[in-house]
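Consider the two complexes below, in which chain A is the common component and chain B and chain C are the respective partners.
Moving on to the complex of A and B:
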């Protein structure tokens, strides 16, 4: 089914990942008369033809409601939806397919854990531990549940490079901490957090671990069991799938003990006015008709990534991020933010005293798409005493020419701001 | 599919000397101790935030104005030009000017009859944003705050 093209063995016997660029129709366009240079995959990635085709195929041939009705289309739709679950289970190495809950995205996945896992458990004085570099969606749901329960949010520091030292997090793991919620990769700084080490330390203290994997899953192999994540949340639209799709992985034992998040159809076994029996996992957490075509598209994205190979993608992006960081460092007046020793996909920067928003406009004018602003991580901006940054972020389809176009556009910005 | 490549002329229209000058050296920058009116403007899209201060005399003349905050070149220059322009105006004149400018930048129609339309003068330097829809709100932020300040509205003026 995949429209994967041009997988050529490279000099070292590895495939040339950037040849995949041709699979992404949106990348083959001009913006303001310049070829589009898309460096905003951390906000949302582009979609390969294989995903677009699969959604069209599903909608054209197989669509009906799932888990209902005996007719052929309902059966096919159910098969597509449940096969997608199995594909996701294999992709992140969950031990059971029931541990994959489909959501609207990372944000909903985290809110589900906050409300269904934490809220009934937390008592006055209990603590939730996060780090200073979290995305707002890994801060606000915890603030809300803290307000509801009287628990408190504790924040582990980051250093000037944007790195998280395991010791500084472990030091905060006292007997009141019930949950550790950390990003796998920082969306604003690119820092890869030592999740495995943190999870081991947390488990030794009976602390449950949630990992926000939104910025990791598109860029590296993820094995939730090897990481030791109790919960792992991620989004489809950052991994070349459709918007409005996402996954909450949760260990079966934890999910089983949690009350439902929303009530409605599909999440029940039996409804009577004197009491309702909830459905089994994972349906207990999937009230209402799900995003079936989205799940079909997400499964196609997984197949696409697996055909290339996540190790290959990670290596390609590691080399390209090095190239990006080095090229940016050569630009006069640049200030790089986020220089942790282990990073993925993202480089934040400032140029002279040009406001990131102005930089974004000048770059867009030359076809270069980057994100500017606080990246939904205002505490990170406060930490560095800046209103925001310009952020270039990579996807598997980017190449050195994209980086060169970015630095050329930055020179133009310096010219205009004189 | 191919469209003509934009020249940098448009960018230079947006970032004119006057704009860059006011962005680099904003006039009337800082809190106004004896302000009678003030309001905050906030653009949640980019996080630009500023507070505008007015000292309005008994006969409703804007005797002094200032602003503080942080933002992009367009929003800072616009706030700086605003303070420079409205000092000495009556609050009514300042509101009429605001209406005319916001309409000019957003492409809407002014509520004023054409005969009474105030001269925009060097505020026309802000017109470059008309070619950059994503930036119009940067240019209008301070003016939204002016409306709130004059109305003594305590809520934050938002561009959204």
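Moving on to the complex of A and C:
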């Protein structure tokens, strides 16, 4: 699949990404008497000292409100906040910094597009096209706007491996489809979707494309222009930044034409009782005092990732995911879910007939943190006829010893439930 | 000491016998497996307890001056917890259920040793038992 941006081999190839593990203080602790093995980065990643330090530095020296004060601290805070925007622009290769809207996370980014881009445009009978493997955040906002406008949600299938064939999505792109909303990487199955190919097909039919990049950005280089995404949404807390931060990238031309999403301070130029003039991009979408310290932390996370190199991270995780999948496959009684040919960072599984929650409890006792349940992707679970899975997910700090600890803990679980 | 408290003491003593978490869990799981059959017809939305991440069904029946509980979960550890709850609370007088603080939770280290969602499930089940007992007491 040539359409994937994330799977190029690392530049240096030999550098040891896992040396970075020491940068994450939370990883150096014991849980229930065992060293912590953190395999839940797809839910939320741990935070490196560089990010913690930057937030502390900002709060200790530079904090004031942005964009308003004439005083020095307000200038510094504004600089921190706007520099973060520039850092994010560079990180995903947006063509202009105004195309970066700060949000609370992927969920808010997608809701913003649903309510501000789709709601005024959609008519009865129009369609929004998604796939069967989407996270609830890339389903429910569309269901809500469909209910508001009389539009319909159309779902492209996945196959038994959890893969999405471009043909099956393109086949559903008829003249009624206004928006294609797809994950870049599936949070439940790890499938990497052929986003570039899908976006090209959509654009040929005048369909706007939103990509949910929450599970892609921490794991591979992302170039929104090369992908052909009109909108690209992601979260800070899955890319080693703070919670409550996120980004909506939108092409300037689209964002410019959209009405504001929320009203308040900072999003206006002039307020009179007979009418208000909205501020320009991106401020018209950032009502109220923003999460300034969060933006500072997010920019530090970007700097941290860039210093290691996204190509190197992608290659490290590709090798480790192979190792994880192969080691899991050797565990007796295992059933692997999500075996798409191109994947990133995630392996879902079931063990014998052990309930995933039972498994998660027993693993936690051995210091191994995994996610269990439906992963906010209930349609995926229905597709495979299961209530949920156990999911191990990788971050740049994981290594083979983590995988070995997981499989050892699984063997112990088999004994207990045996 | 009332009957509920006596049953609670018995369970606490039994679990004190295990000195590591693995054995304690194994015992819980065994208890869960030995729960009586729970009919498919009773697995209704009405009988489902919310607040548990796994599925739990709970039924209360009056039996003279006593209240009897039947329950099941699709998860093994939760079924084990149900078995413990039934031993302590089933076939007891509602007033005694309401009057007895659930000391076994701490004594069995259930709070520390169960995941947050799981102990919420335990809390939900206890709440349901107390609500059913209060209703039975009210209608007596």
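The working rule: the second predicted complex is superposed on the first by the 405 of 418 C-alpha atoms of A that agree within 3 Å, B and C clash if a C-alpha of one lies under 4 Å from a C-alpha of the other, contacts with A are read in each partner's own complex, and residues count from 1 in each chain.
Just so we're on the same page, contacts are C-beta pairs under 8 Å (C-beta built on N, C-alpha and C of every residue); 3 or more make two chains touch, one makes a residue touch a chain.
Because the structure is predicted, anything quoted here is derived from the model rather than measured.
With chain A as the common reference, chain B cannot sit beside chain C without a clash. Shared-chain residue A:160: touches no atom of chain B or chain C.
When the two structures are aligned on the shared chain, A:355 is found in touch with chain B and with chain C.
In the superposition on chain A, contact of A:34 is made with chain B only, not with chain C. Comparing chain B with chain C, more residues of chain A are touched by B.
In the superposition on chain A, contact of A:417 is made with both chain B and chain C. Of the two partner chains placed by superposition, chain B and chain C are both touched by A:365.
When the two complexes are overlaid on their common chain A, residue A:378 makes contact with chain B while staying clear of chain C. In the superposed model, A:175 makes contact with neither chain B nor chain C.
Chain A residues 32, 354-355, 357-358, 361-362, 365, 373, 387, 412, 416-417 lie at the interface with chain B in one structure and with chain C in the other. On chain B, the positions that touch chain A within their shared complex are 1-6, 8, 10-12, 14-15, 20, 45-48, 70-74, 132, 134-135, 138.
Here chain A touches chain B in the complex through residues 29-30, 32-34, 354-358, 361-362, 365, 372-374, 378, 381, 387-388, 412, 416-418, going by the rule given at the top.
Touching chain A in their complex are the following residues of chain C: 21-22, 25-26, 29, 53-55, 74-78, 113-115, 117-118. Per the touch definition, chain A reaches chain C in the complex via residues 32, 354-355, 357-358, 360-362, 364-365, 373, 387, 412, 416-417.
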